[in-house]
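Handing you this structure, nothing more for now.
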Amino acid sequence: MRNNPLSSIAIHSVLILYSLLALFPLVLIAINSFKSKKGIFRDPMALPLGDLYSSKGYQSVLANGDFPLYFGNSLIVTLISLVFILLLGAMAAHALTEFRFKGNGLLGLYLILGIMVPIRLGTVALLELFVKLGLTNTLTALVLVYTAQGLPIAIFIFTEFLKSVSGEIKDSARIDGLSEYRIFFEVVLPLIRPVIATVAVFSMIPIWNDLWFPLILSPGEGTRTVTLGIQQFIGQYTVNWSAVLAALSVAIMPVLVMYVIFSKQLIRGITAGAVKG
Amino acid sequence: MATLDINNVVKQFGKVEVIHDTSLSVKDGELMVFVGPSGCGKSTMLRMIAGLEELTAGEIKIGGKKVDRLPPAKRGIAMVFQSYALYPHKDVRGNLGFALRHAGMPKAEVTQRVDAAADILGLGPLMERRPSELSGGQRQRVAIGRAIVREPEVFLFDEPLSNLDAALRVHMRVEILKLHQRLKSTMIYVTHDQVEAMTLADRIVVFRDGCVEQIGTPLELYRNPANKFVAGFIGSPAMNFIDADVINGNAIHASEAIASVPSSSTKDANYTKVSIGIRPEDIQIQANGKWSGTVEVYEHLGGEAYLHVLLVDKQTVVARADADSHYRIGETVRFNVVQSKLHMFAEDGKAIPKT
Amino acid sequence: MTRSGWRGYIVFFLAPATLIYTIFAIYPIAESLRLSLFAERDSAALFVGFDNYQKLFTEPYWAEQFWNAFKNNVWLFVLHMLIQNPIALALAAILSIPNLRGAATYRTIFFLPTLLSVVVIGFIWQLILSPLWGITPAFMNFIGAGSFFAPWLGLESSALTTVTLISIWQYVGIPMMLFYAALLNIPEETLEAARIDGLNGWWIFWKVKLPLILPTLGLVGILTYIGNFTASFDLIYTLQGGLAGPNGSTDVMGTFMFRTFFGFQAQLGDVNMGATVASSLFFIILLGVSVYLFGVQRRLQRYQA
Amino acid sequence: MKQPILRTALFAAVFSAAAASWADTTVLTIESWRSDDQAIWDEKIIPVFEKQYPDIDVQFKPTTPTEYNAALNARLAGGTAGDIITCRPFDNALAMYEAGNLADIKSLEGLANFSDVAKAAWSTDNSDATFCVPMASVIHGFMYNKDAFKELGLTVPKTEADFYAALDAIKADGSYVPMAMGTKDAWEAATMGYTNIGPAYWGGEEGRMALINGTAKFTDDGFVEGFKQMAKWTPYLGSGFQAQGYTDSQNLFTLGRAAIYPTGSWEITGFQENADFELGAFAPPAKDADSECYISDHTDIGIGMNANSKNKEAALTFLEWTSTAEFASLLTNAAPGFFSLASHEFDVENELAQEFMAMRGECKATIRVAHQILGRGEPALSNELWTLTANVINGTMTAEAAAQGAQDNLDAWFKP
């Protein structure tokens, strides 16, 4: 598109308008996290100035000295699950698209069945399984479930993109004498880096924000995640909204950082990696 | 540097047989071109030689050694792909040296070989660039360079020029020819372009529907096509075919006898219809020619010209004309054919030998 | 690549994913879905074949809930397709303009809502839309449309649409990213060619870019379809509660299933009927995915080449 | 994996009383939906118990109420649930008992401290088994802004007529929303509306028992009148009440913008913390000056034992303790508004709580109408009442239709 100033103004107006729509609720969350509950409802739009200002929310989060631990747990679980989902998912998708073998199509379909029913329904069987394995109240249990939960969609997307990767480059690597393993790790993985970033962004959000499985599988003090930790502020009749908003304002930071990292990868991958045919 | 032998090779994908019992051999240092329309099996054959596809039956030998169960890297081959297949995340130097480094060759030797190859192909100034920063021709040269550094016994080219524009294609064709003369190595070159085949090949293999139609030097194929398919495929513009009835040993077209059917053939087969093949260059426009037709299209290429002539029975023939004379559309022209250069094909497409 | 005999690497690539997935996803889900063929009689599980399915589709109490939830899901899907995906595509198209200033910042801003936990999204939108705390009423008065304000989340006629719009606000970032990646992948030459052909920005988008990213459109479509049945649960459960009020008007397959399976307040969970609802949902999604895999996707792929 | 070690530890504790080391501490985990009460348990209740029983370490591990039932049932099925389980009343706990998850604790001596009415909420229909120690009840009624009433010169209403007169007066004045209630979350409509004021019309326990015996129907006048009252409330609610959630109502009232708040005693702690004005409470109005008033004194929380607990002995010790006067007093004073169900005499210090307690003397008590026996249909009648009542207030359903809907629910499965 040619850069005439008029259309440039129009474009930025649209973008700024949508930014406002996206940001307005977030700004509300941020400013209200610095108010007491009464302050929030007295005037939700007001800036937390003067007697409206209250750091009680943050204080009650900090007063609970375990929050750094919860953050650590959430990070560990999210990152390790992501590594598994991306690596194992890409490996499986690679095998499904690259090799001809009996049952290939069926296995491909089998591997994406999991998209169709929320794994949450299998909670009881999962819990019984982890009790048998002695893995309740461990982060390992969460990592395993999230990996299993994230794999189908990852395999689905990876397969879609791998189909369009040129076969010749893999053949070329074979002639260069690379083993099938090295072809995957040294040729295919770098090629699909942008897709990996996309799937990473896609997969990390439900893991980071999940409440259910931490609640069932690892509710123990040492293995609580942030979302589970926040639940202590949500009661039957009284909800400590200041604390909830404070905790969630902080909780968005790690995923935001992860998103920025991944999306940089995505853009760099796309613009630098593509070889036109 | 080696010979290549393909013995009774068959290839099936599932239940579909795409290569039927095929045998051929390539001599040491020969540049053999596989040519044929798309889907004829030429690429599949190449991929089987490379080890990228498995044989269903038969065997392949390189330098007398059976290789068809070996992985690609152990066969002593190198391959250049249509899409170049460069590693996008490595620069030119990295791409050139990748296979050697992977094979564990000492660094110094890798550098020496890479530099030598870069020298041959004039890649010197581009060594630090990534594939995305190269033009199509440059990428193609890197792809060839990558094959050269491996000093293979057999080079395999899979339609390497079809992604390039016409001018560059001619240029690269010459470069490959020069390369072959310089390296004197055995090469197999797959293309669907008969011009490339004619200009490059020591010998050509014509494929159709998974079968070898004919093997021979370009001139052999041009002069003595084994069948109507090869005759039509080799040569540009393509050979003209005129349907004729056989009456009393003569091929009759438009109630004129074009040629006599050799008597040696009529003994074992009783032809009633034949196809007469005439190359455009074997038609002579002459004012007193035996046949006549009207000019439909007049193509002037500068050094030569072609007339598309509509005959009385609505068949069209293409004739080469004198570049200096001038013709109008719709004009009636008369012509003769060079009898000695006529080809004759039976109804099953097989050439009828000239006695 | 076909080399017969033992190809260990295929096992190497497939086994880890298949194992983890089978043990920790398929096995537990199958265990649950199996329950749809059983019923509880005197504290013992009794095999009843397809009785539960018959019950689900014939008994008015179940059938009404099922079709209500299904109908709501269809509406949810339609709105996401008509609003979310076009907005995502438009934003992605604008962001992919070469040398756009601040593109990375915009992209991050647009994605921010997607990163938030549904707890806080539920809270903040209820606050914003509430008739009591003044945010939306004040805004609507400001633009002179004050009389159009209504307690949208509480009215049967508008609750579902309102919830859907919030969901769109939250999730628009994901299709936007997919579109964005696809648009960046279009070779510059193709666009140059179009420019030489005399197409302007709008037509280039319409006639060149759009057809080229059709496969991504298909992918986004099927992901929207799946998400519409599975991911919509959390937001509705948080915003409208387990009964998906008012009067069931925001009930979708996800909330219906969860409520039936695990129970809600005084309502006890019924794992057998819950599994029946879940299995039905499974087949609905499977149907959609099959249509995509065997119909839509192939056609799109052909277009691509 | 841990079991053998734990069991060995228990053996050591039982057979060698001298072995007073860390090894013989038994850890008891309490499952509860009362995350609001975390501090009360951690700081006030548990320390008192642990002082008396130093070898038992009690941990209060609540789950958010919206997830409690689902999460607890999953944990019970998976075998990872806590030893002590906080019980919802009636059918919900009964189902857990019948599924073999709650132990029969009828042998507990302390149960003698509770009335049969209290125990009925956690016993089988024939009273053969009792599976939870009754813990607390909540009393329904209305809270009001005393300052607002003073300002407008209003007195506490005793009868239906008084009640609407007061509402009219507040509405006419216009500076307050007469009544803080919304229908978005639906449950307030049924719980704080229909089952709050309804007993006055259907005659409290008598009416409820009549439904159970089959001598009355929801379509009878008393029950329909309850719904009619709901429809009458609509004009007194704030604008946009359809989208007003429970949190909104709470804040509307505590910020001093509404005068009357139909509610229950459970709000006492939260409201006293947040309101800047003086709070008062009054009982649901009687039909007229000659009629009696009725309150829902709802048995709300019990506490029982996981039938598969590995620490049964310690768990029973703890349950026994919860039936003592000490626990009753601790709980009621730490969580004013949750009134112990024990027959012990103890003092309640909180004045507002006293006001609610006083209603027990003035009015006849009953429980929420659909909770016992009647709630076993599909959907559970009390859930159905949420929706029906909300519909009536929203004006999308007539009182008669709502009553018919409730009766239809019963007819579908209920045999008196």
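Per-chain numbering from 1; labels A, B, C and D assigned in written order.
Just so we're on the same page, a residue touches a chain if its C-beta (ideal position, glycine included) is under 8 Å from a C-beta of that chain, and two chains touch if they have at least 3 such contacts.
Note that the structure is a prediction, hence the values are computed from the model and not measured.
Enquirer: Taking contact as defined at the start, I'd like the list of chains shared as neighbours by chain B and chain C.
Expert: Expected: A.
Enquirer: Can you tell me which chain is nearest the middle of the complex, judged by mean CA position?
Expert: The chain sitting closest to the overall C-alpha centre is C.
Enquirer: Of the chain pairs A-C and A-D, which one is connected by the greater count of C-beta contacts?
Expert: So, comparing the two chain pairs, more contacts are at A-C.
Enquirer: Report back the single chain whose CA centre is most distant from the CA centre of chain C.
Expert: B
Enquirer: Taking the mean of the CA coordinates per chain, how far is chain B from chain D in Å?
Expert: Their C-alpha centroids are separated by 90 Å.
Enquirer: For chain A and chain C, what's the span in angstrom between their mean Cα positions?
Expert: Centres of chain A and chain C (C-alpha means) sit 16 Å apart.
Enquirer: Could you put a whole-Å number on the gap between the CA centroids of chain A and chain D?
Expert: 39
Enquirer: Taking each chain's centre as its mean C-alpha position, how far apart are chain C and chain D in Å?
Expert: Comparing mean C-alpha positions, chain D is 37 Å from chain C.
Enquirer: Could you pull out the residues of chain A that touch at least 2 other chains?
Expert: Residue numbers touching two or more other chains: 41, 123-124, 126, 171, 174, 211, 234, 241, 274, 276.
Enquirer: Hey, what residues on chain D touch two or more of the other chains?
Expert: Touching at least two other chains: 74, 247, 251.
Enquirer: What are the residues of chain B that contact at least two other chains?
Expert: 52
Enquirer: Which of the residues in chain A end up touching chain D in this complex?
Expert: Chain A residues touching chain D: 37-38, 41-42, 123-124, 126-128, 130-131, 134, 136, 211-212, 215-216, 219, 231-232, 234-239, 241.
Enquirer: For a test of understanding, state which residues of chain A touch chain C in their complex under the given definition.
Expert: Answer in residue numbers: 1-3, 7, 11-12, 14-15, 18-19, 21-23, 25-26, 28-29, 32, 40-41, 43-45, 84, 88-89, 91-92, 94-96, 98-101, 107, 109-126, 129, 144-145, 147-149, 151-153, 155, 157, 160, 163-164, 170-171, 174, 179-181, 184, 194-195, 198, 201-202, 205-206, 208-209, 211, 227, 230, 234, 241, 244-245, 248, 251-252, 255-256, 259-260, 263, 266-267, 270-271, 274, 276.
Enquirer: Help me check something: in the complex, which residues belonging to chain C touch chain A?
Expert: On the chain C side, the touching residues are 1-2, 7, 9-10, 12-14, 16-18, 20-21, 23-33, 87, 91, 94-95, 97-102, 104, 106-121, 123-125, 127-128, 133-135, 138, 169, 174, 177-178, 181, 184-185, 187, 189, 201, 204, 215, 219, 223, 226, 230-231, 233, 254, 257-258, 261, 271, 274-275, 278, 281-282, 285-286, 289, 293, 301, 304.
Enquirer: Which residues, counting only chain D, touch chain C once they are in their complex?
Expert: 66, 69-70, 73-74, 91-92, 95, 98-100, 182-187, 238-245, 247-248, 251-252, 370-371, 375, 378-383, 386-387, 390-391, 394, 396, 412
Enquirer: Mind listing the chain D positions that touch chain A in their complex?
Expert: Residues in contact with chain A: 1-2, 33-38, 61-65, 67, 71, 74-75, 77-80, 247, 250-251, 254-255, 266-267, 269-270, 274.
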